[in-house]
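The structures come next, written out as structure tokens.
Next come two complexes, and both contain chain A; in the first it sits with chain B, in the second with chain C.
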Partner chain A sequence: MACSASACQSNCYKTQQEEEEAVKDNNNTNSFAANISSSNNNSNSGLCLKCKANQPISSNSDGGDDARFCIDCFRGNLFGKFRFAVTSNAMIAPTDNVLVAFSGGPSSRVALQFVHEMHSKAQKNFDACRDRSLPVFGVGVAFVDESSVYSVPSNETDKVIGDVRLIVENLAPPSKELYIVPVESVYSSDSGDGRERLKKLLDAVGDATGREDLLLHLRMLALQKVASQNGYNRLLLGSCVSKIACHVISATVKGQGYSLPADVQYVDARWEIPVVLPLRDCLAKELTMLCRLDGLKTVELIRSPCTGINGLVSSFVTLLQEENPSRECTIMRTAGKLIPFHFNKIEEIDDSNVLLATRRRQKRYNLKPNESFSSESFCFICNSPLSRSDLLSLKNLESHKTSSVCCSSCQFQILPQDPSSVNELYTLLPEQLFARAKHENLDHYSALREQIQDCLLSEVEDET
Partner chain B sequence: MEQSADVKAKKAGARLCCLCHQKKAALKRPKTLEQICRECFYEVFEEEIHQVIVENQLFKPGERIALGASGGKDSTVLAYVLSELNRRHNYGLDLFLLSVDEGITGYRDDSLETVKRNEIQYGLPLKIVSYKDLYGWTMDEIVKMIGLKNNCTFCGVFRRQALDRGAALLKVDKLATGHNADDIAETVLLNILRGDIARLSRCTSIVTGIYSPNAYRGFAREFIKDLERIRPRAILDIIKSGENFRISTSTKMPEQGTCERCGYISSQKWCKACVLLEGLNRGLPKLGIGRTRGLNNDDKKDTKKNNGTKSIESKQCGTLDF
Partner chain C sequence: MGCVSKLCRFSDMKLTVEFGGGLELLCNSVKIHNVNVELQNGAEKLTMKDLLSWIRNNLIKERPEMFMKGDTVRPGVLALVNDCDWELSGQLDTTLEEKDVVVFISTLHGG
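Then we have the complex of A and B:
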């Protein structure tokens, strides 16, 4: 029989003694079970598939992870996925400063918990190590307050923020900095009332789906801003398989097939602060269950439910997931086969000032020198890379003389059709958007120039 | 009643066609959301199809083109538009309608009636090929042989190939079908759902094949209808996404070979239809149904040896000459 103690190799946080006892129990029950039904071939049925020692979490037979794993193995399995994603994509180096985006929901709660665990372990190692060559990465938490968008009474908002504060404070020391970021902080402080401006901006967008997506982009912008202002160099999100699967379908429906692969990778470094998604391989259901099992407190979100295309897509994906529990993974894997962009990885540290120990830590297993090709321009609203056909159709339009170009999806669902209201909308958008567009385009040109420097004739030579 | 009709007319009267600015707008076009009149709709629609044909060089002068005709709205529109464009723009095509009769008593009567009406209306010759011609068996005979269970397998496999085989039988150069944007959008979605990157890359190309039904197909259909209600443009956006997917060239694509027996495209040694037919002809109707690997693997050696003699004894895929 396969139920020896050695079968349980890792991630089961148990002492040797406990384990032996468990195995004894296990053998007893097994022989007992065998007596009852000798026809049952699977002698380990009713036990955790991995350690074969403990009872699985639940006894329902729908094939979910809860029916296969015991609590410890279940947790270990999830943490393993997280750790593997982090290490194999060089998401967190010892010198890094990581800002965890915490919405209060189960996914980001688990992300926060796992980062915290990793951090305390690194801290422990640091304290134990004599030469202190490996620094411990820094962790901060950011919560985006969107109460200005959804008209909720202020006492409710205060309660939510209080809960978030409590959750972060209750994490074991070292304590983590918490930033409560109002979404209207995307506007620079000297431009008047951001709250009013944000309201006006969202009102100006006619399409419900467009409004939702715009708010999503603004949320990212707010996170980028707070991360950059406080010296963080990684932004960690809790996006899970289920969320990414929804995004795959909705991006397809919105005609963003070209830019889609940029959004579904572990790393997305097109932003000033690279964004990492270490829970990309975990299902929402698993994460919710972990929160329940470990008593991780979550916060009821103040967000109106998705409407329009996004709402339709998420109910469609839920329906499919019910029909086949691996559907979300299949969807994500399909999208994963599309070619990622050049910015979908963390740049290697070449700087010799960084300690060798840190550099050596930058493991990358599955980063092949991929055939990704670079994209020059990005949509100034949603920051998605623009396809050639998008650019061509823009050239034909040539209606706006700004340096900012916009993808066809944003053009349709966010920008108004009539040109005069477009200009009005432009005045309502955060200045940061335009600044980014300009900056990137300039960057691109200078980089291009550098590449062909040797072939360029200087003007002086030209004249002679 | 009259009053409400009057109100309606007034409302419509306020809106003129936004293309010709003369007639009352009769419909709101889902693709562009323009309010246009009937005549302009015809004109734009036909012109767009003409552009597609010209841009993609779908036809060459003098070609013999079969139009798949089921009697449904898509294929009726196809028959009308292509015959009209062929006349107007002098494509010089030899067009005719092609219908498939499965040989299920009473099943095709209505639709064949419609197709016959199309034949007269658009002046296109009609050819009907039956399963008997193609496979040597009608659907009724198959059902008699294997019973009511499992005959869906036969129907599905045979139907998928029937148009192609019928076209080959009549020695046509090309086959035009009435697949519309909704169908293609659905196929794009289904291929994402089932993780089929290879098909994803070719399902939006304009010259292609048709693919199979599945349990979640129904969900996808519903989903697309709901989408269309919220945002009609979404259908075309899905196709656009499908066209723009950056698919790695190193992704393993299943090899598209041809069936050793009948020459139809097949990723296996024998195409599914030939396996099923072999079963029927040998009196083993369960062959090729379910998970048995059947002819293509286990029996490979056996069939190879017998191939010569067997093919003389049994009817080889009907009376096809490829």
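Then we have the complex of A and C:
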């Protein structure tokens, strides 16, 4: 690839020596390559590990391996991780409708960008293909608006929403539907009432961590609702290694050890709309860097800092990561050794509509989950699977609603101590939580019934 | 020409300092700052270490502990010099040149 060296700003064919000469000539032109080499006097300024041609821009010490990549290889590496996660876990089939949860932050911004790249490539292939055999998957974007919780002034919220709209509009063709979801929409009545109820609900939770976690559960509820109501069959989150590492530690601290494996896999299909995490192998630092390098616009949300356990764990993990850049990966890898649940994979579809290649891939990469206990009970608040000991030792809170079983962690953090206050809190929770619990338990019940069907006596049978 | 400007070096340096990922809140919500940093008496060059203390004294208007810890940036803050991770150019010992762009981004973010 020939280029005139003085005009060209890319790093093709330039060697270290040539660049140093270039510095003397172009001292006033802020040539990217020139500045790098001139300030590289101390460090071992090698070349990009992958292409061995360009200057590295990131010191990515992912998993102990001190990889230094140039921009293109850096971007390629991240997109490669994304694509591998998507294909090996059969996250997105051509007939799927994917809803991308976009918070405005760097992780979900990169997720959105990468999905868009896949989306636009699929569209191009579709247009180019004469028989139009491979459909293009649908993509939607959901932004959960939590401004009512943090009492953000409406003009700031409007600006944030405007920025989000602009970002999504620019990710076309193919165009993507945007849903601005106020978190109070988890309540079915009109939004005015919803805001009040939400405020009362959060005020009723005394513990700061409990309040933060409850808000997270409501956020997922809102996303599930908008996905389900608009015909999406996949919910895509931008959760990265860093976030998962923090979750591993904070879940352990909160006594959620049994359910932990459910939350740290690529796929989480216990929800009505299965949740997929394609950025599970990317570090927060890498994603932030990519947003910066590619000019991916992010939106900063004004939020009060996390004060409880979550904030503490986040600072702790950040400190660990600073001391040793492979720590976040190590934490996640350790948690990855726990046996996942049966719902931690996309159900294998024997439908001939699903490509044979997709089905083969599912079989090849599927982890061997714990098949023995195929029907689980779930906490009605956080939807985490309940262990047998949880079920046995629970004070069955039947007073308000039956079949709403709760995990010990939610009981400790979120529910108040005395029974009368608990009843009051129940009236403040969204109806959808109870409906979901009932629905899941009915499913559970009928699944169990099916398993023991042969052993059941028919009601019509004679006693003789 | 290039060689001449190196000889008669002025005692201050024009740089662009940017803040992202929420750090701008510490500088009155201003993301991009075009600054003129004076070199210390007799100093020949400006390092990132010098720049950091200059920033703390001149740009950070509140809660300096959210930006710096001791001599260096707080854990979780990504520092880039001309779009390149400062770890590659020597971290605190990185030498800065005229018109360099230094970016600080907090990586303690949501999804």
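Operating definition for what follows: the second predicted complex is superposed on the first by the 373 of 464 C-alpha atoms of A that agree within 3 Å, B and C clash if a C-alpha of one lies under 4 Å from a C-alpha of the other, contacts with A are read in each partner's own complex, and residues count from 1 in each chain.
We take it that a contact is a pair of C-beta atoms (placed from the backbone, for glycine too) under 8 Å apart; a residue touches a chain by one contact, two chains touch by 3 or more.
Predicted model only: the values in this text are computed from it and were never measured.
Asks: Check the residue A:S151 against both partner chains and state whether it touches chain B (first), chain C (second), both, or neither.
Replies: In the superposition, A:S151 touches no partner, neither chain B nor chain C.
Asks: Does chain B (first) or chain C (second) touch A:L319, or do both, or does neither?
Replies: Both: A:L319 reaches chain B and chain C.
Asks: In the overlay, answer first, second, both or neither for which of chain B and chain C A:L293 touches.
Replies: The second partner, chain C, only.
Asks: Look at the residues of chain A and decide whether chain B or chain C touches more of them.
Replies: Residues of chain A touched, chain B against chain C: more for C.
Asks: Please work out whether A:L301 is in contact with chain B alone, chain C alone, both, or neither, and reply first, second, both or neither.
Replies: A:L301 contacts chain C only, not chain B.
Asks: Let me test your reading of the model: by the given contact rule, A:S108 touches which partner, first (chain B), second (chain C), both or neither?
Replies: A:S108: touches chain C, not chain B.
Asks: Look at A:K285 in the shared chain and tell me whether it touches chain B only, chain C only, both, or neither; answer first, second, both or neither.
Replies: In the superposition, A:K285 contacts chain C only.
Asks: In the superposed arrangement, which partner chain does A:S420 touch: chain B (first), chain C (second), both, or neither?
Replies: neither
Asks: Figure out whether A:N170 sits in contact with chain B (first) or chain C (second), or with both, or with neither.
Replies: A:N170 sits against neither chain B nor chain C.
Asks: Need the overlap of the two footprints on chain A, from chain B and from chain C, as residue ranges.
Replies: 319
Asks: Okay, in this complex, where on chain A does chain B touch?
Replies: Those residues of chain A that touch chain B are 207, 209, 248-249, 251-258, 260-261, 308-309, 312, 316, 319-320, 323-324, 327, 330-331, 333-335, 337-339, 371, 387, 389, 408-409, 412.
Asks: Going by the contact rule at the top, pick out the chain C residues touching chain A in the complex.
Replies: 2-3, 5-6, 20-22, 75-76, 78, 80-85, 87-90, 93-101, 103, 105, 107-111
Asks: Enumerate the contact residues on chain A facing chain C in the complex.
Replies: Result: residues 24-28, 30, 32, 35-36, 38-43, 45, 55-59, 68, 101, 103-108, 237-240, 242-243, 284-285, 288-289, 292-293, 298, 300-301, 303, 314-315, 318-319, 321-322 of chain A touch chain C.
Asks: Applying the document's contact rule, which stretches of chain B touch chain A when the two form their complex?
Replies: Checking each residue of chain B against chain A gives 188-189, 191-197, 200, 215-216, 219, 223, 226-227, 230-231, 233-234, 236-238, 240-251.
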